[in-house]
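Pasting the structures here.
First chain A sits with chain B, and in the next complex the same chain sits with chain C.
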Partner chain A sequence: MITITPKRKFDVPIQAACINVDIFTGKTLEDIKKLAITEGKENLTLNDAFNITEDKTVETPNITLIGDFSKVKRIGQGMKTGEIIINGNAGMHTGEKLAGGKIVVNGNSDGWTGSEMKKGLIEIHGDAGDYTASPFRGTDTGGMKGGIIIVDGNVGSNVGCYLRGGTIKIKGSAGRFLGHHMSDGTIYIEKNCASRAGTFMTGGKIIINGTIELVMPTFTIDSIKPKVKVDATLNAPGPFYVFLGDIAEHGTGKIFALKTTNPALSTYEKYL
Partner chain B sequence: MTEILIKNGFVVDPLNKIDCQKMDIAIKNGRIVEKVNEREAKIIDASGLTVMAGGVDLHSHIAGSEVNLGRMLRPDDHVKDAVRKTALTRAGTGYSIPSTYVTGYRYSKMGYTTVMNPSMAAMKAKHAHEELNDIPLIDKASFTLLGDWWFALENIAKGDLVECARHIAWMIRATRSYAIKIVNPGGLESWGFGRNVHSIDDKVPNFDLTPRDIITGLAKVNTMLNMPHTIHLHTNNLGVPGNYKTAIETMQALESVYTGDKPIGHITHIQFCSFAGDNWAHFKSGAAEIANYLNAHNHMTIDIGQVTFADTTTMTADGPFEFSLYELGGHNKWVNSDVETESSGGIIPFHFKKKNAVNAIQWSIGLELSLMVKDPWKVAMTTDHPNGGPFYHYPRVFAWLYSRKAREATLKKCNKKAQRKSLLPTLDREYTLYELAIITRAGTAKMLGLKNKGHIGIGAEADVAIYNINPNTTDIAQDYKPVRKAFSNAIYTIKDGEIVVKDKELVTIRPGRTMWLDVQTKEPCRIDDELKRKFKEYWTIEFDNYPVTDHYIKVPEKITIQASV
Partner chain C sequence: MTEIIKSVVCPICGCLCDDLEVTVENNEIVKMKNGCAVCEAKMVHGYKSDERILEPHIRKNGKLVPVSMDEAIYKAAQILTDAKYPLLFGWTSSASETQHVGVELAEELGCALDNCCSVCHGPSVMAIQEIGIPTATLGQIRHRADLLVYWACDPWSAHPRHVERYTAFTDGRFEKSEFKEYVQKLKGKASKKKVEAAIRRTQVRYQPPPRPQTAIVEAPPPTLAKTGRKMIVFDVKKTMTAEVADYFVQVEPNSDYEIFGAMRCLVNDQEIDVDKVGGVPVEYLKEIVDAMVNADFGAIFFGLGLTQSVGRFRNIEIAIAMTRDLNRKTKFVISPMRGHFNVTGANTVFAWQTGYPFALDFSQGYPQYNPGEFTANDLLRRGDNDATLVISADPGAHFPKSSIQNMMKHPLITINPDWNAISRLGDVVFPAQWCGIEQAGTAYRMDSVAISLKKVVEAPKGVPSDEEIIKRILNKVRVIKAQKTRKDVTETKNVENKKI
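Presenting the complex of A and B:
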C-alpha cells in the first residue's frame, strides 16, 4: 500500500492523473516519487507536493490518500484494476474514464467524478459535485457506459448527462438537469430532485423516492407501478407514477416518482 | 536575406517538366535564382531526398465565421488534441478545426506554403481577415460567396453583365478577396424562405432567374474581369443521391461559355456531388460518369473533397444541405444560420465510419474520381477540410492514390456492401511522385493562376518542401507507409527563402501574406442611391462600414488585374 499525504495546502489545481494503481504497479517507491504532475503551470514531481510512504505488509487498498485533495484533479483517471481510498475530499475528475477497480472517497468529491466511466465502482461518502458521471462538455458519445457510482450525500446539477449504462445511486438529493440526454442506465435518488430531470432523455430510468420539483411538460404519464427494480440487489417499493419521455426527442425513457411523497402529481391520474 | 543552396536533391517540378532529376536549387532574396555564391550561401544537403515546391491547397476552410462557430460548437473536438506551447510556438487545440496558429504550424510541417480559404460571406469578411492574420507561415486568400449576392442576381436577371462585372470587381476589392465562390446558386437565396432549388433549372424565388443563369452569368463575368482563378463552384443538390446528373448538367451549362484557351469553371469537393442511385439505400458511385465527362471536356477542373474516415465537423455555406444532413439523424448538436440577405451556413459534427456503407462508398468515390480522370492537371487533392477530414490527413490520401496496396488495405476494412459496389479493385493506376506534385502544388497553382507559386523554376517564390523520400531506392507503391510518414512531416520547409521547418521541427515563425485582387475595371461600379438604400433597409451594417479597409490585413499582397470591361 502506498500512502500519500499533501505536504502543504494547495492554492491552484494540481493535475495528478498519475495517482493510479495501474501506473504505480511494478514501480519502486523512488520511481513513484518521480512521476510527473503539474501545479498550475509548473511541472513538478509527485514528491514535490506530496509525502509518499510505502507499507509492504498491506495489500489492499493499493493507494491511500490522506488529507485534503480537493485541489487535486484526475485521481485514478482511466484506472483498470486496484483500489484507491481517499480519506478527505477529492478534486475534480476523480475516477474519470474508470475502466475497473474501486475508488472510495471518505469525504466530498468535486465535479465530473466518474466522468465517462466504463466499469468499476466509485463510492462517495459525502457529497458529489456537478456533472458527476457526465462526459466532457460537448461530447455526445462519451457518457458513462457502465459501473456503479454510490453517493451518500447530495449531488449537484447535470448529474448523469448522456448516461448510456451503469447505475448511479444517490442517497441524498439531486440538482437540476439530472439525467439530461441519457439514453440508458439507471439513476436512483432517495431524496428530492430539482426541476428538469430527464430533459432530452431517450431511454433509461430515473427513480425518485422523494419529491420531484417539476415533471417536464414533454413527459407523459404512463402508469402507476407498485415497485421498480434498481439493480440486481435492490427493488424500490412503490407505488410510483411512471412518466414516459422525452417526447420532444421521441424518447422512451422513464421517470419513476414515488406516489406518497408527490401528492401534487395526483392531477396526472385523470389522464390514466 | 540569406542565400540558400539545396544540393543534390531529386527535384520534382511538373510546371518545368522536371521529374526526379538530381539538381541544385538556389535561393536568394526570397526567389529561386540561377545560382548563388556557394561559399556564402547556406547549404542544405538534400541528397537522397525529394525536393518539391511548397504545397498549394486550393480549398480548405481555415478561417471565417463558420469555422469559428464550429470551434465554439465542439469543445469535445479540442480536448482530443490539445497542443502545448513551446519556446517558439503558441498553444492551441487541434483535431477537426484547429485553432489559427496550429493551422499554420501543421500546414507548414506538411510542406504546404499557400492555402486558399474558399468560403467567406461578404458580411463576415472582416472576421475572416482577422483570423487569417493570425495564421502564421502560410500565404492565404479568400473567395467571397457571390452566387447569391443580390446585386449580382439583379444585374444577371436584367441581362446587364457588364454592370454585374463592375459590381463584382467592387465586391472583390471591398472584401479583399481572390475569387468568386458560388455555393448552391439560388439555393441559399431560397433557404432564406425555407426552400431550396433541386435542379439547375428551378426558379429562384423573387428573382426571374435559374441557377443555370447564375452560373453561366458569373462565369462570363469571371472571364470579363480576367480573374486568375475560374469561378469556384459548389453545385446544387450537393449530398443528395443521384446528384451526379446535376454536376454534369452544371458542367454542360458552362460549355457555352468556354472559348477554348483555359478552363472556365472549377467544381469543388466533387466527391459530394458524384452520388448515383435514387435514395440512400441504393446509394452508389457516379464517379465513372463524371470522370468520362471530364476526360472528354477541357473546360472544367475539379478538386476531390476526399473522405478520410475521421470524426470531423462538416461546415458549409450550403444551409439547406446541412439541414438535410441533420434530418438523416443521429446528431447531437448542430448550427444552421441565415447570414442576413447574403448567404447561409450550417455546421454538423460528423463521424465518417468505415463500417457505414454510405461513408465507405463516399471514400471510394473520391479515389475513383482521382484515378479515373486521366489528366492530373484537371484534379486537385483536397479533403474539403474539415468536411471530408482534417487537412493533416492529406498524406493518407496521397498513400491511397500512389499505392494500390494502401487502397486495398483500407478497402478490406470497409463495409461489405461498399466493398462490392466499389470500383477501386478495377483501377490499377498508381500516382507517381510527379503526378502527386501536380495535384498538390503545380496543378493547383495553375488553376489559381498563381504564376510564382507551385514550381521552383527561376523567378518563382522560394517556397520549397523537402521530403525524406528517395525515388531511386524506394518503390512508393509497395513501401507506402514510410512515404506517407515522410509526407506528413517535411524535413525542410522554406517559405519566401527562409527556413521555417528544419529537421521536421519548426524553427522560425513568420507571418504569411494575405493575397487579394484589385480588379481595375475601365469604368467604376455604379454606387447609386438605390444600392445605399438597400443597404440601409436590409443589411445590419451601413454601406460606409461595409468594405474591408487596409488596416484589417496585416501583411497584404495586392494583385492588380486589368479587367476587359
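Presenting the complex of A and C:
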C-alpha cells in the first residue's frame, strides 16, 4: 500500500492523473516519487508536493491518500484495477473515465467525479459536487456507461447527464437537471429532488423517494406502481407515480415519484 | 478645423451600428448624428472625461505612483512570470487584434484565459456546443422576419437601435416597418387616457380599479393573427420593449425553462397535462405557438434574463431545441443579444486560435476548456490563481465580493482607458486608448459579422494602444523566461562541474 499525504497547503490546483493504481503497479517507491505532476504551470514531481511512504505488508487498498486533496484534480483518472481510498476531500475529475476498480472518498468530492465512467465503483461518504457522472461540455457520447456511484450526502446540479448505463444512488437530495438527456441507467434518490429532473431524457429511470419540486410539463403521467426495482439488491417500496417523458423528445424515460411524499402530484390522477 | 467623418462604427454594444456621422473639431468629437443616447454618452462626452489614465502607475507602499512605461512593463512581466497560475481576464472591449496577442501571451505563460462572456453570454456558447444553432445574420432578419420574439431582454434600453435598425421598426426588402402602427397605438393610448380623465372629472369620487396582486397575463391580442410584422416580448417585468410590442407575456421569474418545454410539446402537436406553466395559461401558449408556426420567417432574440437566471445554459439549450422543432414547420432562427461590442470577437478569436471560445487553461501546455473549472469567477471564488491581469473590463464593479477579495490577495495588473473600479485596485495600472475612437481595429457584431472600427481622433500623448502594451509584456515575458532558463542551465552546469 502506498500512502500519500500533502507536504503543504495548496493554493494553486494540482493536476495529478498519475495517482493511479495502474501507473503505480510495477514501480519502486523511488520511481513513484519521480512521477510528473503540474502545479499551475510549474512542472513538479510527486515527491515535491507529497510525502509518499510504502507499506509492503498491506495489499488493499493499493493507494491511501490522507489529508485535504480538494485542489488535487484527476485522481484515479482512467484506472482499470485496484483501490484508492481518500481520507479527506477530493478535487475535480476524481475517478474520471474509470474503467474498473474502486475509489472511496471519506469526505466531499468536487465536480465531474466519475465523469465518463465505464465500470467500477465510486463511493463518496460526503457530498458530491455538480456534474457528478456527467460528461464534458458538448460531448453527447461521453456519458457514464456503467458502474456504480454511491453518494451518502447531497449532490449538486446536472448530475448523471447523458447517462447511458450504470447506477447512481444518492442518499441525500439532488439539485436541478438530474439525469438530463439520459438514455439508459438508473438514478435513485432517497431524499428530495429539485425541479427539471429528467429533461430531454429518452430512456432509463429516475426514482425519487422524497418530494420532487416540480414535474416538467414535458412529462405525462402513465400509471401508479406499488414498487420499483433499483438494482439486483434493492427494491424501493411504493406506491409511485410513474411519469413518461420527455415527450418533446419522444422519449420513454420514467420518473418514479413516491405518492406519500408528493401530495401535490395528485392533480395528475384525473388523467389516469 | 472641422471635419465630418461618415460611416463611423459605434464601439458600445453588440449592434455595432456603422452609420454614425461624427463631427471632429481640434481633435475632439463635438457632435454626432444617428447615434443612440448610450453611444452619444460615450463618444461625445465619456471618452474625454477627467477620469482618464494618462500614464502608467505602480503601487508603492500602498500608493499608486506614476512611473515610466518601461518600468511598468518590466514589473508586469515579472509578476506574470513569477506567478504559478495567473489569470488573464477581460478582452471584450478590445479589438480582435489585441485578443489575438492575448492568446499568445496566455500560451507563453501557461495560465488561465477567460473573457467577459463567462458572466454574460457564455451559457449561450455552451448551449450551442451542446445542440447547435439555427441562426441568421441581422440583415436576413431585417429583410425577411415577420415574427420577432424578444425573450428576457430589453433592447429598447440596452441595445437602443436594435429594433430600429434590424427588426420591427425598419423597412426591409420584403417586410414593412411597424413604426407607423406603433405611433398610431401611442396616439390611441393618449386619447384613451384623455377620455378616461374626462370621465373621472365628472364623477364625484373616483375609485381606481384594484391592482392585481400577482401578474396576470393578458389574452393574446387579435393583431397576433395579422400579416406583416409582429413582435412578442417574454419577460418578468414590463420593460420599455414590452410597451412597444404587440403582445407582452409576463412570466414568473426562473420559469422560462418550463415554458419552453411546454411550447416544444405544443409545437410537436402533443397534449400537456397541466393548465398553467410559469404563470402563463396553456391556451395562451397555444395561440402564441400558432402565431409562430404560421409565421413565414420568425426570429427569437434572447438576453441575459435567460443566460444568467436559474438553469443558465440549459435555458438556451431548450430555446434552441424549440427553434429546431419550429423549423420542421416554418423558418425560424435564434440569436443571442450580445453585450460588449467585441464579446463575439473574443469568442471567435479564441476559438480560431485554440479551438475553444472562453474558459481556457494552458497550464498543461495545450489548451483545455471547461466552464465552471476555468471560468474567471469560479477560479477567483475558489482562490485558485495567484496573479490577475484585467484588460478592457471592470470586474471590480461587477464581480461578487468574495471573488474580488481573493483577487486582491495576489498582484493585479490592469489595462483600462480610465480610472474605473478595478484600475483603482490595481498594483500595476496601464493607460490605454479607447478602441473604436482612438484606435482602429476589427470587431464582431452579435451575429458574428466582422466590422472594421475607425480611428476618429488622436489619443493623448504617451497613451499606447492595449495591443502594444500586451505585445511589449509578451516580449518582456519571453526575455525573463530566457534569462531564467539560462540561469538554470549555468547553475546545473556549475553543480556538475563541482561534482567532477
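The definition used in the following text is that the second predicted complex is superposed on the first by the 272 of 272 C-alpha atoms of A that agree within 3 Å, B and C clash if a C-alpha of one lies under 4 Å from a C-alpha of the other, contacts with A are read in each partner's own complex, and residues count from 1 in each chain.
Here is the rule we use: a contact is a pair of C-beta atoms (placed from the backbone, for glycine too) under 8 Å apart; a residue touches a chain by one contact, two chains touch by 3 or more.
Quantities reported herein were computed from a predicted structural model and do not represent experimental measurements.
Chemist: Using the superposition on chain A, decide if chain B and chain C clash or fit.
Modeler: Superposition result for chain B and chain C: clash.
Chemist: Is A:199 touching anything from chain B or chain C once the two structures are fitted on A? First, second, both or neither.
Modeler: second
Chemist: Considering only touches as defined above, state whether A:180 meets chain B (first), chain C (second), both or neither.
Modeler: second
Chemist: For A:130, select first, second, both or neither according to whether it touches chain B, chain C, the two together, or no partner.
Modeler: In the superposition, A:130 touches chain C alone.
Chemist: Looking at A:138, would you say it contacts chain B, chain C, both, or neither? Reply first, second, both or neither.
Modeler: Both partners, chain B and chain C.
Chemist: By the touch definition at the top of the document, which applies to A:221: first (chain B), second (chain C), both, or neither?
Modeler: second
Chemist: More residues of chain A in touch with chain C or with chain B?
Modeler: Touching more of chain A: C.
Chemist: Thinking of the overlay built on chain A, is A:248 touched by chain B (first), by chain C (second), by both, or by neither?
Modeler: Only chain C is touched by A:248; chain B is not.
Chemist: Looking at A:74 after the superposition, I want to know if it touches chain B, chain C, both of them or none. Which is it: first, second, both, neither?
Modeler: Touch status of A:74: no partner.
Chemist: May I ask you to decide whether A:271 touches chain B, chain C, both, or neither, giving the answer as first, second, both or neither?
Modeler: Only chain C is touched by A:271; chain B is not.
Chemist: What is the shared patch of chain A, the residues that chain B and chain C both contact?
Modeler: Comparing the two interfaces on chain A, one with chain B and one with chain C, the shared residues are 136-138, 140.
Chemist: Considering only the defined contacts, which chain C positions touch chain A in the complex?
Modeler: 83-85, 109-111, 126, 129-130, 257-258, 261-262, 264-265, 268, 270-274, 277, 310-311, 314, 318, 321, 325, 362-364, 369-373, 383-386
Chemist: If we count contacts the way the header does, which residues on chain A are in touch with chain C in the complex?
Modeler: Listed in rising order, the residues of chain A that touch chain C are 11-13, 15, 38-42, 71, 92, 111-112, 130-131, 136-138, 140, 176-177, 180, 195-196, 199-200, 214, 216-221, 246-248, 268, 271.
Chemist: Could you list, by residue number, the parts of chain B that touch chain A in their complex?
Modeler: Residue list for chain B touching chain A: 73-77, 79, 332-333, 349.
Chemist: Looking at the complex, which residues from chain A come into contact with chain B?
Modeler: By the definition above, chain A touches chain B via 135-140, 142, 181.
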